[in-house]
Each structure stands twice: as C-alpha cells, then as structure tokens.
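Shared chain: chain A. Partners: chain B in the first complex, chain C in the second.
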Partner chain A sequence: MSKHSTEHSCLLATFGHEDDLLDATKAARRQGYSIVDIFTPYAVHGLDRAMGLRPSRLTWVCFICGMTGALGMLFFEYWIGALAWAIDVGGKPWNSLPSTVPVAFEAAVFLAAFGSVFALFAVARLFPGKEAYPLIERVTDDHFVLVLDEVDARFDVSQVERLLQPFNLLGLEERVIATGGSR
Partner chain B sequence: MDKLSLHGKATVANPPTTEEMATLRPTLITGGKVPADVTRDICAPMDRSPTALWWGAFSVAFTALVVGTVAVTYQIAMGIGTWGLNRTVGWAFDITNFVFWVGIGHAGTLISAVLFLFRQKWRTSVNRSAEAMTLIAVVCAGLFPVIHMGRPWLAFWMAPYPNTRGSLWVNFKSPLLWDVFAISTYLLVSAVFWYVGLIPDLATIRDRAKPGWRKQLATIFSLGWNGSTRTWSRYETVYMLLAGLATPLVFSVHTIVSMDFATAVIPGWHTTIFPPYFVAGAIFSGLAMVLTLMLIARKVMQLEDYITLLHVETMCKLMLSMGCIVGLAYGTEFFIAAFSGNPYEQFLFFNRALGPFSWAYWTMVACNVIIPQVLWFRPLRRNLAIVFVISVVVNIGMWFERFVIIVTSLHRDFLPSSWSDYTPTIVELTTLVGSFGLFFTCFLIFARFAPVIAMAEVKGVLENAPRSLDHDSAPGDAA
Partner chain C sequence: MTPATLISPQTSRRLAVLYTVSVIVLAVGAAMEPLRIWSNLLLLGFYLVTVGLGGALFIALTYVCGASWSVGFRRIPEALAVLLAPAAIGLGIILAVGREHYAWHAHGHGDAGTFWFKELWADTSFWLIRAVIYFAVWILLSRALVAVSRSQDQSGSVRLSHFNKRLSAFFLVIYAITFSLASFDWLMLLEPMWFSTIWGVYNFAGMVQATLATMIIAGILLRRRGPLQGVFSDDHLHDLGKLLLGFSCFWMYIWFSQYMLIWYTNMPEETSYFIPRAEGAWAPLMVANLVLNWIVPFLVLLPRPCKRSESVMMKVAVVVLVGRWLDLYLMIFPSTVGSPPALGIWEVAGMGLLVGALGWLFIRSFTRAEPIPSGDPLLAESLHYHC
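The block that comes next holds the complex of A and B.
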C-alpha cells in the first residue's frame, strides 16, 4: 500500500481501546477491506500482523552496518598497528588480533545503532521540523484510528459501520487524505 | 478468535478475569489509570511553573556546579600539581570519580535495554529517567579523564586522525584507548536510544501544547511522528535492535574500564576477576542511584501510581543480588591472594584490610555488603525511608570501592622506599562536588522539561488495557 502517494478518499474509524482496534482490524481485513494505515498512541502488539505488515527489513541494515563497522575498524587497526605505525612492544607481534577486538566491537555497535536509527528515519520519513497533521486530535493521547481506503464505488459506508459497531466504535468520518507522505 | 464474526462481539476466547490477571501478574500501574490519565499525569509537571522545592534543589545543585567549575578552571590554569597525587599514587580521586560515574550510568542501560530483552514490563515506569541518568552520568565521567590530561584542549589527540606528527597514530593496543572508544560509543548510543524512545512522547507533547516555543520545539524534535502503525512496526524493530546492541555494549564498557587496571602489573589490579566484578559493581551502584532519584521523583512529582512499591521492591531485589555478587568478588580477591602464594598480592590485601586505608576498606564492606543485607526482608524493602537510606549508603560504598582499588593498590609500591600516602586537596574535593552539581543540575532540568516517564510505553502496560492472551504469547511480537 505504500506505493500509493496520491489523495485518497478514506474512512476513519476511531476506537478507544487497543483490543477493540485489534479485533476491528482483523474483522475489516477478513472482509477484504483495504487498510491504508492505523494510527495509535502506543505500539499495539500484534497489530502489525493483524494489519498484514511484513516484518521490517531494518534488521538487515543493522547487520550490514555492524559488519562494516567491525571489519572496517579491524582493518584500520591492523593497518595502523602493523603497517603505518608499528610499535615494538617487547617483541610482541604487530598484527596481534585480540587487542583489536574491543575497539572493533565498539565500532560495530556504533555503526549498527546509528545506521538502524537513520535508516528508520529515512524509510519512515521522519525528519526534524516535519509538520505532522494528526488525523484525530487525540491519536497521540488515547485514541486509535483505523483508516480504510474507499477503493471503489462498491465501498459502502453503512456496511462498514455495521461491521465495526460491535467493537465500540467511537466515531466514523470520511475524509480525503494524502497517503504516502504521511507515513 | 475466529468466533468473532459468529458472535459479532469483541470478545476473546476465554478472556482472563481481572482476578486471574492480578494473580498472574501484579498490577504495575495503580490508581486505575487509562491512557488519557497517563498523558495528563506525566505532562502535568511540565505544564506547571517550577515549585519552590525545585528552585531550592536547583540552586543547591547549580551552586555545586559553579564551585566545581571554579575548581576545574583553577586546576587547568595551575596544572595537575594542585592535586594530592605523587609519584607513587599517580591515580586517585580523579579516576575514582571517573569509574564511579561510569558505573552509575550502567543501571540506566540495564533497565532500558537488558530488562527490555527480558520482557520486564515494570521497566517502563523507570526507564526514561534511568536513561537520562545514564547520559548525564557518562558526561560527568567523561570529564574526568579529560581534566586529568592537564591540557584538555588537546583532547582531540585521542582520536585517530591523519596529522602532521608522523602521522603519529594512537596505540590501539592500549586499554586506555579502548576506553576512549568505549565511553564515547556508550555516550552516543545511549543518547540515540534515549532520543528514539522519546520521539512518540514528544509527539504527544506537540499535540497537546498550546502554540508557543514548547510546541515549536516539540514539533522539531518529534520529527513529524503521527502514530502510524507502519512507523510503529519499524520503530519497534529498531528499538529491539538498539536494546540488543546496548546490552553487550554496557557489559563491554565496564569490562574495558576494568582493563585499564587489570592489564597493569600492579598487585590488586592484575586479576582476571576484574571485568565481571566491575560490571556487577557498576550495575549495583547505578541501581542505587536510580532508587535515590526515583524515590525523590515519585514523591515530589506525585508519581506514586507509576513508580509503585512493586517497582521499588523489584529494584531492591536487583540491587541486593548485585551487592551479593560484589561481596563474593571481595571475598574471591582475598582467597585468590592467599591461595596464589604471591607475596606481593598477599601483602597488598593484608594492607588493604589492615593498613592505613583500612577505614576506607571497611567503609566499603559495610556499605556494599553488610548493610544491603537488610533488603532480604520484605517489610524493609517496602519501607521507603530505609530503602532511600540504603541507596545513598550503597552509593557512598561504591565510591569507596573505586577509591580503595585505586589508592590502596598504588600507595605501597614494590620498593618500600617509594611508599607514600595520599590526601586529597581541596581542589580535588571541590571537583567531586562539582560533578555532583553537574549531575543534579542536568537531572533537574530533564525532570522539568521532558516527560520523566515513557508515556507511550506505560500506556501499553496499563492493567485496565490487558492484551488478550493470543497476542501476548505470540513469539516475536515485539518485532
């Protein structure tokens, strides 16, 4: 769904409890409705799977950055210790590996941590000063918003309302929102 | 869950009753809070003007900081000769303070990262302030080696960069250089971990703040966070990764700090027990500092429903277990010294316990090993006054531990002609006072301007918002 970046006519369903939201999401998905996104004040566990999101691939960014840090620093330490500035300490070998481990480890952690965080900012399009337009005033406080895509003419709001009503629906609102940029 | 559509009701198969939930898992947040209450309660101290109590504490802390700044300026202008060091005791107060403050930081990472990996939900009430404590403590710690250089404006020489002196590279085989990398990585990774955790809460502040400077700042730093589940899913992945990275990092940091000593051929330092001994001691002292700060914060900021007796008790148990590990390490050191047959080791430990610094040694044993034993008793763990006193006592004891390790190992050299004593000068004492001033000044500012409790995390563990069992027990649900 992230390939959409145009303006969409959407239906916003508001809930007041995470369990209601989770069950409503599962019900909506089972009925074949297209979920644009869900907005919650905190991470609701299991919601990503209920919504059908794939596990994030940011773990790979972390792994690659960590390996780059470790191998890069190992090479740098070897180059300094054995080639560029070889110091003879009591005849000990210049290319001794164990003494290079701590700094290589720190470099791995450093690059992996910063790499993952900056990758998160990049893919989630988070940047300083970005204006956020919360769909519902209280979405960062205590309300949960399920956003359904009004895909085509067959989309029937009253049918959706009947489906979601049992999950303590607090409000239902139709709105045109720009998807893609707001994620 | 497939029964849902049949029943048309939002129920879970065999939902646990409230009583069952209470038996399975004790209530973390009391007072029957709902998410809106969490937002209001945690943001309330930020909305109010500072109280007289806050101003009082801030002036004391800031005065201490000014005193310390004067002391540091003086010693940099005059030179390190203003300290009580001599040729035999070449490290004393300064490195004691350094190790002490690094250690304080470790509990913050333990609570935020290690307990996250262990799915300890109680951590959500204390992790934000514990992480802030970590950051500030590591800054305090980092100042000491820089001051110790004597010419702090040349601190950048510690970085490996091409230069016109050779290039003269740094020595990657020295633990002191490992320390530079460990401490700076620790500071930066802790900072980014803390900030990432803060983003959703900053968005909450942004959305409820009236237009003004606070809203503008929150808008800048919340990075346009809007609570999208797509972002939450990635965010949770990254948070898990950061916890997984911070956990070995925190163990590596104090391991490397201990190697500053353990790789030197000084009796009392040259032991393989040092890395685990230092890590346990660090977490021990850090937990004590978290307790000291939390017991004050919950009272002053009316957070009794968030930081409950359960939290205090759990931290007491952790502190007690760490204290026992530290006590075991003290005993092991003596046993190994006696068992080694090495006369230098044997003399050192004899001298440590009965020599001129025996008062410091026994202060350490009393504060770190004997007094914390009262925490075995539940009524005493739940007595906040006693816990507060013990937390302060442990902090004192852990400061003395570093002092004992450093000074008693150095002051009796291999050659009796080199034996020496050590007394700190007023410059060293005021520098220590100044570091406490810096710590509390920063912490008080944090408590005023940032949410001291991770709202977005606490909302997820509220008792009246129980997760149905099938989502909670599913593997990998945090990823």
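The block that comes next holds the complex of A and C.
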C-alpha cells in the first residue's frame, strides 16, 4: 500500500460472496500479486490476515492517549487542589488521591476514545466534505472488489483471470486510480 | 470418559495428598484455633460456591445472548455449575456450625436504634432458612440448565436450546436478587453494624473474575490433555481474556466506588470497615489486593498477543485466583480473627484444600458428561469462530 497519492494502473476483480473474495485474496497473495486495497460492503472477518496487513497501530494511539488523559488530569487536579487554589474539603489533605481518581478516569476514557477516532480519521484522510469515490457502485451493496496493482510489464491480465476464475469471478476491469490514503 | 483419561495417576495422587494433608492440618487447627479455622473454611466455602455459581451464570448469559462462540467449551462452565451442589452443602454446614461467630447471632446487636427490619432480617433462624432457600434455588436451576444441555447430546433438538434460553432468563433474575442478598447475609453480616449497598455488586464482580480465571485454566489444561483439543481455540482463549480484562476493570471500578464514597463522607458508621483494613500490616495486603486483581491483569492483558498466549493467560489466571482469595480474606478475617493479619500454616492449608477440592470436584463433574455439547445446533459456529 503506498503512502502517497499516486496514479496506479490497477485491475479490479469483482466477487459476489465474501468466501470467494477471501479465497481469491489468498490465492493472489500466494502468486505474489500486490494488493492495492479491497473494498467490501461490510467488515469481512479474517480479511486482514488474508491480505497480510500489519496489526493495527491504533491500539497504541489509544493507550498513549488514555495514559496522557489520566496522568495529565491527575497532575492538573493536584496543581489546582494543592498548589494554585487550595480549598479545605472536609479536613482532608489537599493532595488527596481518591478525590482526583474519578475525573482522571473520565479524562482517560475521553482522550482514549476521541484520540483513537481522530487518529483513524487522520490516517484514513477522512474529513468533512471529502468526496466519495466508489470504484464500483455495488461495492456499497453486495459486491466485493479486490484491487491488484499492475506493477510491471510482466503483469498479464489473462493470467490473473485464469487464477481468479475458480472463485466465481463476476467481472474484471482495468482502471487508473489514485490510491493515496485510501485504506 | 473416566477421570483417568483426564489426569495422570501421578497428578491424581498429588491432588489426593494435597487434599488429605490439608484436611488433617485443618482438623488439628480446629482444636487449637477454632475461630481462625472456621474463617478459613468460610472463605473456602464461599469461594467454591461462587465459582460454581459463576459457571451457571456464564451458561445463562451466553444462552440469553444467543452466543455461539462459547458453545464448544460449554462443558467447562457446566462442570462448574455441577460442582455448585457439593460446595453449597459444605458452605451450608460451615454457616450452620459457625453461626455463633457472627456477632449478631452470638449476642444480638446491642444497639437500641437498630432499624426494626434489620432485626427481623438478621434473626438467626430466618438467616439459616434463607441460606437453604438460596442454595436450593441455585442448585435446582443450574442443574436443570445442565441436564437440558446434556440431554441435547442425544436428541440434538433446537427446542431444548429455546427452553434453556427461557430458563436462563429466569435464572438471571433470581440469581441477581439472591446472590446480592446472600453476600449481605454471609459476609457483610460479619460486621453487623456496618453496611454497604454496593456489596452485592462488589462480590458479583469478584465472582465473575474468579470464574473466568478458572475457566481459562480449565480450558488450557483440557486442550493440552486431549478432550478439548481442536475445540478450545486461541480465539476462544482470546475472548475469555477480553472478558477477564473487562471484569478486572469492573471489579476495580466497584471496589473504588465503595471505597471513595466512604472515604469522602467520612462517617464513623461507614468508615468502621476500612479503618482496621488500612492500618498496620493490613495496609500492604489491601494494596496487594488491588495489584493482583486489577493492575496485573489490566497491564498484562492489554496487548493482543498476551490474550492468545497459553502461558501468559495461565499465569494471569493464577494471579487473579490468588487475588480473589486475598479479596475474600480481607472481607472476612479482619472481622472475625482481627489484628494482626493471620497468615500461616492454617491459611496455607485452607488454600491447599481449596485447590484440591476445586480440582477434584471439577474433574469429577467434567467426566460425567460428553466433553463437547455435540447436539447443540450452534456448535459448528463455535468451532469456526474467529474473533
């Protein structure tokens, strides 16, 4: 998958069933074809493994955001309660940890949740007003599209067709598309 | 299937030795320090009963949700649910024999301002009758769930699944009420003048945590030993790990909810529970409780590879089970035995008896039925499960 927006000459293979798509993906990878992306109407289980995607780094973003929220808020509350504006509450010490935990917990959840969602938006380059570009209209309904990269001169469409035919291939189409940030 | 196919004669002998030695040590201790031995037995009985009840709860929850993922290894929680009956009888005897160790039953409340309903509720004979009712209802309903599931092995009828689904919904409602009351009756009443309305939820959280940990260990061992080979997959382990992670956080959340409100309002009638537990040698134990039940499972179970690793999951499950023991220890011992914390040969023997009894009862229950619910229509889905 390329990081930067570039024009690719691609081959779009369409399937009608997720099992066919999964098998075709595995077969294409076994043959060494480079998969640009796969478009499905819904999340297909096991597709990430079949495509050979790396484990998501989003969990780390989530963890770090959560820790930042918790520690940041603990410090902030300590700063208010003990340093900047100390108020005696029921005779308790100013830097009482139990009273700061609930808000620190909320801040951790808040930052982890929003951090993950916005990190996802940023990586996927999703922003308000972004134009939809369905490669094939029915990919939002009942079709599954496997996009292969026509890397070099050796790429032979008829060979690919022979490979994918056993998996109830519905259609094969060559197209030039921009692939930047389209994961 | 016989127990011999599950455990080698060597392991069987070791369990038997552990069991016998623990019983002898506890019997000797009963003559020397009866209160301390009784406290150990109460802990042990409550531990076993909640693990058994947790098995029934897990089955009921998965039926009600229509969950298919857990069907393949459902015989594990079913074996725990079967173990509930002997454990309940044991705990029943412990409660009846030791009712004098509850200050309330020994010499009343000694306070003129006590709410009249509390006097009625905590009356010794009513308290004992209630225990019998709880046990009878739990055993009856969990046995019925297991019996229907086992009879499906032959018939494979979908109607049995539907029947169990309805029975499960009924069980869940009954369970929620009775378990909450039972934890009030048996543990909170050790300190009759103290009260906490979150006590039932707190015990529920610990119970589910310990049950999940037991199921994880059982699943891994049964996969290694054969009966669940190719059935209990890494995906199942992964999902149990997610549940354990979730319930560890839930336990911490509830523990802290109870602690913080009492700490904040700082009223003598409420702080009487935490003050002795935060003093002297109890304080490090209270911290250890949080470390074992939350910090360790939380940090270790966060990464995905850990939840799919047999050895990591095994260790975390053991940590959580020790944590559960410590949690109950901190509920019971400061109220009965008192300061300083009593940790010695009697407690070690109590733990030995717990491991021996749990292992022996589980193997006995598990080998009574087919290892896989072969007649369940959702079995195929469970075997092909990917998480």
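Here is the rule we use: the second predicted complex is superposed on the first by the 177 of 183 C-alpha atoms of A that agree within 3 Å, B and C clash if a C-alpha of one lies under 4 Å from a C-alpha of the other, contacts with A are read in each partner's own complex, and residues count from 1 in each chain.
Assume contacts are C-beta pairs under 8 Å (C-beta built on N, C-alpha and C of every residue); 3 or more make two chains touch, one makes a residue touch a chain.
As the structure is a computational prediction, the values presented were derived from the model and not from experiment.
K.L.:
Taking chain A as the common reference for superposition, should the pair chain B and chain C be classed as clashing or as fitting?
P.N.:
clash
K.L.:
Quick one: is A:L126 in contact with chain B, with chain C, with both, or with neither? Answer first, second, both or neither.
P.N.:
first
K.L.:
If you count the residues of chain A that each partner touches, which comes out higher, chain B or chain C?
P.N.:
Touching more of chain A: B.
K.L.:
Taking the superposition as given, does A:A113 touch the first partner, chain B, the second, chain C, both, or neither?
P.N.:
So A:A113 only meets chain B here.
K.L.:
Check whether A:T140 is in contact with chain B, with chain C, with both or with neither, and answer first, second, both or neither.
P.N.:
The first partner, chain B, only.
K.L.:
So, does A:P55 touch the first partner chain B, the second partner chain C, both, or neither?
P.N.:
In the superposition, A:P55 touches chain B and chain C alike.
K.L.:
Quick one: is A:P102 in contact with chain B, with chain C, with both, or with neither? Answer first, second, both or neither.
P.N.:
both
K.L.:
A:S34 contacts which: chain B (first), chain C (second), both, neither?
P.N.:
It touches nothing on chain B or chain C.
K.L.:
If we overlay the two complexes on their shared chain A, which of chain B and chain C does A:T68 touch? Say first, second, both or neither.
P.N.:
So A:T68 meets neither chain B nor chain C here.
K.L.:
Once chain A of both complexes is superposed, is A:G90 in touch with chain B (first), chain C (second), both, or neither?
P.N.:
After superposition on chain A, A:G90 lies in contact with chain C alone.
K.L.:
State the stretch of chain C that overlaps chain B in the combined model; pick it from 169-177, 313-321 or 349-357.
P.N.:
Stretch clashing with the third chain: 169-177.
K.L.:
Both chain B and chain C touch chain A; at which residues?
P.N.:
45-46, 55, 59, 99, 102
K.L.:
Please give the residue numbers of chain B that touch chain A in the complex, ascending.
P.N.:
These residues of chain B touch chain A: 1, 4-5, 8-10, 12, 34-36, 39, 160, 166-173, 175, 177-178, 181-182, 185, 188-189, 192-193, 196, 199-200, 203-204, 206-208, 219-238, 241-242, 245-246, 248-249, 252, 256, 259, 455-457, 459-460, 465-468, 470-472, 474, 476-479.
K.L.:
Which residues of chain C touch chain A in their complex?
P.N.:
256, 259-260, 263-264, 266, 302-304, 386
K.L.:
Can you check the complex and tell me which residues of chain A touch chain B?
P.N.:
Per the touch definition, chain A meets chain B at residues 2, 17-20, 22-24, 26-27, 30, 37-49, 51, 53, 55-56, 58-59, 62, 66, 76-77, 80-81, 84-85, 87, 89, 96, 99-100, 102-103, 105-107, 109-110, 112-114, 116-117, 119-121, 123-135, 137-142, 166-168, 182-183.
K.L.:
Would you tell me which residues of chain A are touching chain C in their complex?
P.N.:
45-46, 55, 59, 63, 90, 92, 98-99, 101-102
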